[in-house]
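Below are structures written as C-alpha cells.
Shared chain: chain A. Partners: chain B in the first complex, chain C in the second.
This part shows the complex of A and B:
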C-alpha cells in the first residue's frame, strides 16, 4: 500500500467512524444550539454580522477548544488501546503519514461541526435587514458578510490548532483515563492558563509594555481573539490602540500547530 | 463494511476534498481581501435623517422668510440611522463628546451644506439668505467660513463651501476666516446643554416672583365706584370709573357680558353670569385686575367663525385654537392680574392673546366632565404668563401654551383633564411643583420640538402618561411619577432627567427617541411593573460620568455610591429582579453574566435596550418613596393641600 493510499484510508476510516457515531451529531447540534442561543439572547441575531461575531467570540473561545478536544483526545490512544497501531506497524506506513491521516480525518469532522452551524447562522443573518421606519434613512454602517466569513475562517483555524493539541495529547496518553485527564489539562491551559500567566506577568510588570502584543500571540486563545479584533471587530470598537500583532498572532498559531503535530508524530514513533 | 469499501479505494474523496479546500481558500481569501462595507455612503434627503433639529417654531419662521441654516449629515460605522444636525455648532459639539464614538462608532462620512453657488448672504439679523438651496459636500473637502457675521437661532455658525473661492468671497463680504474641517471639528464650541436649563430654573422662579410683584399693587387701587350704588350695572360702573381705580362688585349675580378697556381693578365675590354665548369678560387694556369674582354662563364655541390669521406660519393653530369662548379673554393687553377667580366653563377659562406680564393666581376652573367636550383652562396664545396656586378640574387641557415662551406654571393642581399642561411651540418655560391626577392622555406634554423647558417638582399620578417631555434640552427633575401607565415617555433630545421618582407605574420610563442623547441619572425606579423600556434605536446607557440610577432589584457589591454590577431594565431576567424569586440565581449564571458583558459592546447596533453600568446602591429620595408607599390611599382623590389656596 502506498503512503498516499494509507493516508486516504485513514482519513476515510476516521470519517466513517465519526459518521456512525451519534455523539458526533450531538456535538454539531450542541455547537449550533449554543451559537444560536447566544445570538438570540445577546441580541446579535437581529443586529448584523459584526454584532453576531461580537456575541459569538467569547463563547467560541471556550466552545471551539472543547469541541476540538472532544473530537481529538482519544484519536491515537484508541488505536493504541485496540491494538490497531500494532497492526499498522505491519504495513509500511510511516508515523507522519499515520498522524496526517487521522488528523485530516478529524479535522474534516471539525470543519463540518464549526462551519455547518456558522453557515446556517450566516444564512439567517443575510435575511435580516435593519429596522426601516418608512420615513427614516438607514445605512449599513460597517457590516458585511465578508466580516462574518473572516470570523468563521479564523474560528476554524483556532479549531484546527486546538485539534492538533488534542491529537498530541492522545499520542502522549497511555490509557483512556490518562487521555481524559491530559485533555482537560490541555483545555484549561489553552482556554485560561496561558492568558492567566500573561495577565499576571503584565500586572506585575515583568512583561514589558511593548512585548504585550507579541506575547499575546503565544496563547492560542489570545492570538485568535486578537486576529478577530483586528480583522472583524475593528468596525465595532473604537480604540486608540491596536488589538494585536496580526503577523505574530498568525505565527503563534502556526507554531502551536507545528509543535503539537510534531509531538504527535514523535509520540506515535515512540509507540512504534 | 462492503458498502463503503469503494470510499477507501476511489479517488473521489481526495478530489472532492481538494475541490472543497480550494473553494474554501478562495472564499476566505476573498473575505479578507473584500471591502467590508467601509465604502462611503451618499448623503440622503435631510428629512429622512434622524435629526438633532432646531425647534419647529424657529424652523417654520426661518422657512417663511426663505432663510437657511447649514446642515450636517453624519453616517456612523455602528449606527444604522443617518444623523442630521441643523447648525454646525451642534454637530461639532456632539462629535467632540467622549462617549460619542463608543455609542455610534466612528463617523464613516460627514456631509455639510454646500453654500457655493447659492449666492449666500447674511441678513441684518444675522441669518443666511440663499438664492437656491445648498447641496452637500463632504466635510473633509469643504472650506468653512468661521467667525463671520452669520448665525443660527442658537449660536454663531460656520458656513461651509465646496470651493475655496466661494468661501473667500463670502468671507470678504461678511467677515470671518476660511479654515478646513480639521480646524472646525476641533473648534472650541460653547453650546448650552440641559444643565444650563437647570441653572435657568431659579431665574424663571425669580422672574415669576417679579412678575407677580409687579401686578400685586393693582389690588391696592382706591375704590372709585361701587356697583349698585354708583352705577346700575357692572359695565356701567366700568365705564364710569376713572382709570387706575377699583370697581367693587358687591355679592350677587350679575347677568352681563363685560368689556374692560381701561386699567381698572374689578373686585368682589359676586358672580358674573353670561348668557351662554361667547366670552363673558373681555379685557382689552393693560394693567387690569379681576379679583374674587366667579364667572358663569360662557359660550360653547371653541372656534370663531370670523377668525382669520395674519399670514404667519401659525395661522392654522391661531384660527383653530386661539378664539375659543372663555370666561375671561385678554386681548393685546399686558400685566393683567387674575386673582382668586372661579370659572365654570363648557369651553375655556381664560384666553390670553398676545399678552405679556400677566399673572393668574388662585384660579379655579371647572371644565367639562368629559375632556373632549370642553377646552382649555388657561389658553395662552403668544402670551408668557405666570399661573400659580390654581386648580383645573376637567376640560380638555388644564393649560395650553402656544408660543408662550417664559411661562411659569407652579403650585397648581390638575385633575381629570386630557393633558394637565400642553406645550406647543413653547420654549424656556418652567412647570414646577404642580399636582396632576387622572389625565386621560398625560400630566404634562411638550410637543413640536421646542427647547430649554423645565419640568421640576411635579407630582403626577393615575394618568396614561405622567410626563411626555419632547423637544431639546428639556430639564426634567425632582418629579414624582406614580401609578401611571407610563411614568415618563422620554421623546426629548439632549435632555437631562435627574432626581425623579418613578413608583408603581406600568412602565417607569420609556426611551422614545431613536437617537440616544438624553442623560438619565440619579432617578429612583421603584415598584414599577417594568422600570424602563426602549423603542427602536441603539443601546441607551443611563449612566452619566459614573453616576447611575437607583433600580429596585438591582444588586451587586457596593463600591462608593454605586453597585459594581450593571443593571439592564430591558433584560428579560434582570427586569424581573424586583418582582420574582429566583431571578438573582438565574442572573448570576455564567451565561447571563457573559451576555451582560457582550451587551455593552458595539452598542450602536443593539436594539431597544437600556443599561445602567453604575446603578446606585441607595435611593436618591428615600423619604419621597416612603411617602408614596405609605399614603397611596389618601392620594387617590388627587386632593393635596398643594395649590388649594382659594378663598
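This part shows the complex of A and C:
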C-alpha cells in the first residue's frame, strides 16, 4: 500500500467527517450570510466586483481565520485524545503523510466554505447593471470579474495559511481545552497581534518609515490585505501602488504556511 | 507452541521526565502464542506495551522485530479503544483496511461483530468497542498483536468471547501479547505469563511453572502472594 493511497484515505475521511457534520453546513451558511450582509450594508452589492471586494476585505481579515480555526483547531488533538495517533503509528503512515492527508481534507472543506459563497456573490454581481461611476469612485477601484476572482484566490490563500496555523495549534495542544485557548491566541496574533506590535514599533521610532510596509508582510492579515490592495484594488492605477510590498507579502504568507506545517509534522511525530 | 521469537525486548528502560517507569526489562514473544503481562495497577504494563508496539521509544535498550516481512508488523489496541464518531463499525474498519490490505467484513466476522456492522461507533457498547479495537489491531494480519487489557470492563461472557478471539489469533500463528488482571483467563489462555511490578519483570514462565515456583494452587493466589510480598519488601527498603 503506497503512502499516496494512505494520504487519499485520510483526505476522504476528513471530507466524510465534515460532510456529516451539521456544524460545517452552518459554517458555510454563516460565511454566506455575513458576506451578503456586509455587501448590502456597504453598498458594494450594487456597485460591482471591485467595490464588493473593498467591502468584503476588512471583515474577511477576521472571518477567514475564524473559519479556518473552526475547521482545524481540533483536528489532530481529537485524534490524539482518542488514541488514534498511537494506533496509526503501527500502520505504514509516516507523520508527514498523516499531516498532509488531514490538512488537505480540511483545506478542501475550507475551499468549499469560502469559494462557494464568493462564487454565489460573483454570480449575483454578474446579473447587476454596470456600476455608477460615483460609487466606483468612493470604492476606489475599476470593475472586472477577473479582479473579483483574484480577490477570491487571495482570500483562499489567506485561508489556507491560517488553516495551517490552526492545524499546528491542534498538533501542539494536549487537550481540547488547551486547543481552544491556543486557537484564540493564534487568531488574535494573526488578526491583530503582529500588526499592533509593528505599529507600536513604528510609533516609538523603532521601525523606520521605509521598513514598515515590508515588515507588515510578517503578519498574515497584513500580507493578505497588502496583496489585495496591490493586485486587486489598485490594479488599474499606476499611481496608486506602494501601500504594501506584494513580494514580501507573498513570501510572508509562504513562510507562515511552511513553518506551521513543519510545526504540525513535528508535533505529530513527538505525540504519544 | 513454536519457539520462534518474533519480538524481543533487551534491557529496555523508559523514563517520563525523571521518573523511571520501566527498568531493564527483557522479554520475548513467540509466534502462535499468547503472552500475558500481569501486574498491579501502575506497574508499567501499558508503558511496556507501548514501547513494544513502537509508540514510545525506550530510553535504554532495544526492541527487535524478528518476524516475517509484513506491511504492518505489529498491531495495537490501546487500553481505551476509541474511534472517530459518525462512522459505522464497518466504515471504521474500512478506513484502517485502506491503509494496509484487509477485508472489513471478515474482520467483523472474526470478532463476532458482523451484526453490528452498520452501527455507529458511538452507539457500540463498551464490550463491542473493545472487540472492534481487537479487529482494528488485527488489520493487515500483523505477525504480532498487542492488546492492552482486552478484557477490562467486560461482563464474564464478553470477556470469555474476547479471550477466545485472542486464542484463535494465536492458533492462526499470530504472537499475541496482552495485559490483564484476570488471572483465571490468563491461566486458561496464556502460554506464557510475565509478572511485572514497579516497572520490572519479576518472573516469567508458563502458568504451571509460576504455580510451581510460588507454590500456589491458583494464579489468583499467586498474584496476591507475589505482589504483596514484593511490595512489603519495597516499603521496608524505603523506610529502612
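The rule is short, and it goes like this: the second predicted complex is superposed on the first by the 253 of 272 C-alpha atoms of A that agree within 3 Å, B and C clash if a C-alpha of one lies under 4 Å from a C-alpha of the other, contacts with A are read in each partner's own complex, and residues count from 1 in each chain.
Keep in mind that, in the parts below, contacts are C-beta pairs under 8 Å (C-beta built on N, C-alpha and C of every residue); 3 or more make two chains touch, one makes a residue touch a chain.
Note that the coordinates shown come from a computational prediction; the quantities given were computed from them, not determined experimentally.
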Q) Does chain B (first) or chain C (second) touch A:9, or do both, or does neither? A) both
Q.
Tell me which partner touches more residues of chain A in the superposed arrangement, chain B or chain C.
A. B
(Q) Looking at A:150 after the superposition, I want to know if it touches chain B, chain C, both of them or none. Which is it: first, second, both, neither? (A) first
Q) In the superposed arrangement, does A:43 touch chain B (first), chain C (second), both or neither? A) first
Q) Taking the superposition as given, does A:20 touch the first partner, chain B, the second, chain C, both, or neither? A) second
Q: Classify the contacts of A:87 with the two partner chains as first (chain B alone), second (chain C alone), both, or neither.
A: second
Q. Of the partners chain B and chain C, which touch A:51 in the superposed model: first, second, both, neither?
A. first
Q) Which residues form the common part of the chain A surface touched by chain B and by chain C? A) 9, 13, 16
Q: State the interface residues of chain A toward chain C in the complex, per the touch definition above.
A: 1, 5-6, 9, 13, 16-17, 20-21, 78-79, 81-84, 86-93, 272
Q | Of all residues in chain B, those that touch chain A in their complex | A | 4, 7-8, 13-14, 17, 27-28, 30-32, 34-38, 41, 44-45, 47-50, 75-82, 101-102, 105-106, 108, 514, 536, 591, 594-595, 597-599, 601-602, 604-607, 609
Q | Residues on chain A engaged by chain B in the complex (per definition of touch) | A | 8-9, 11-13, 16, 38, 41-44, 46-48, 50-51, 54-55, 58-59, 108, 130-131, 133, 135-147, 149-150, 153, 231, 233, 235-238
Q. Contact residues on chain C for chain A in the complex?
A. 50, 53-56, 71-72, 74-78, 80-84, 86-87, 95-96, 98-101, 136, 139-140, 142
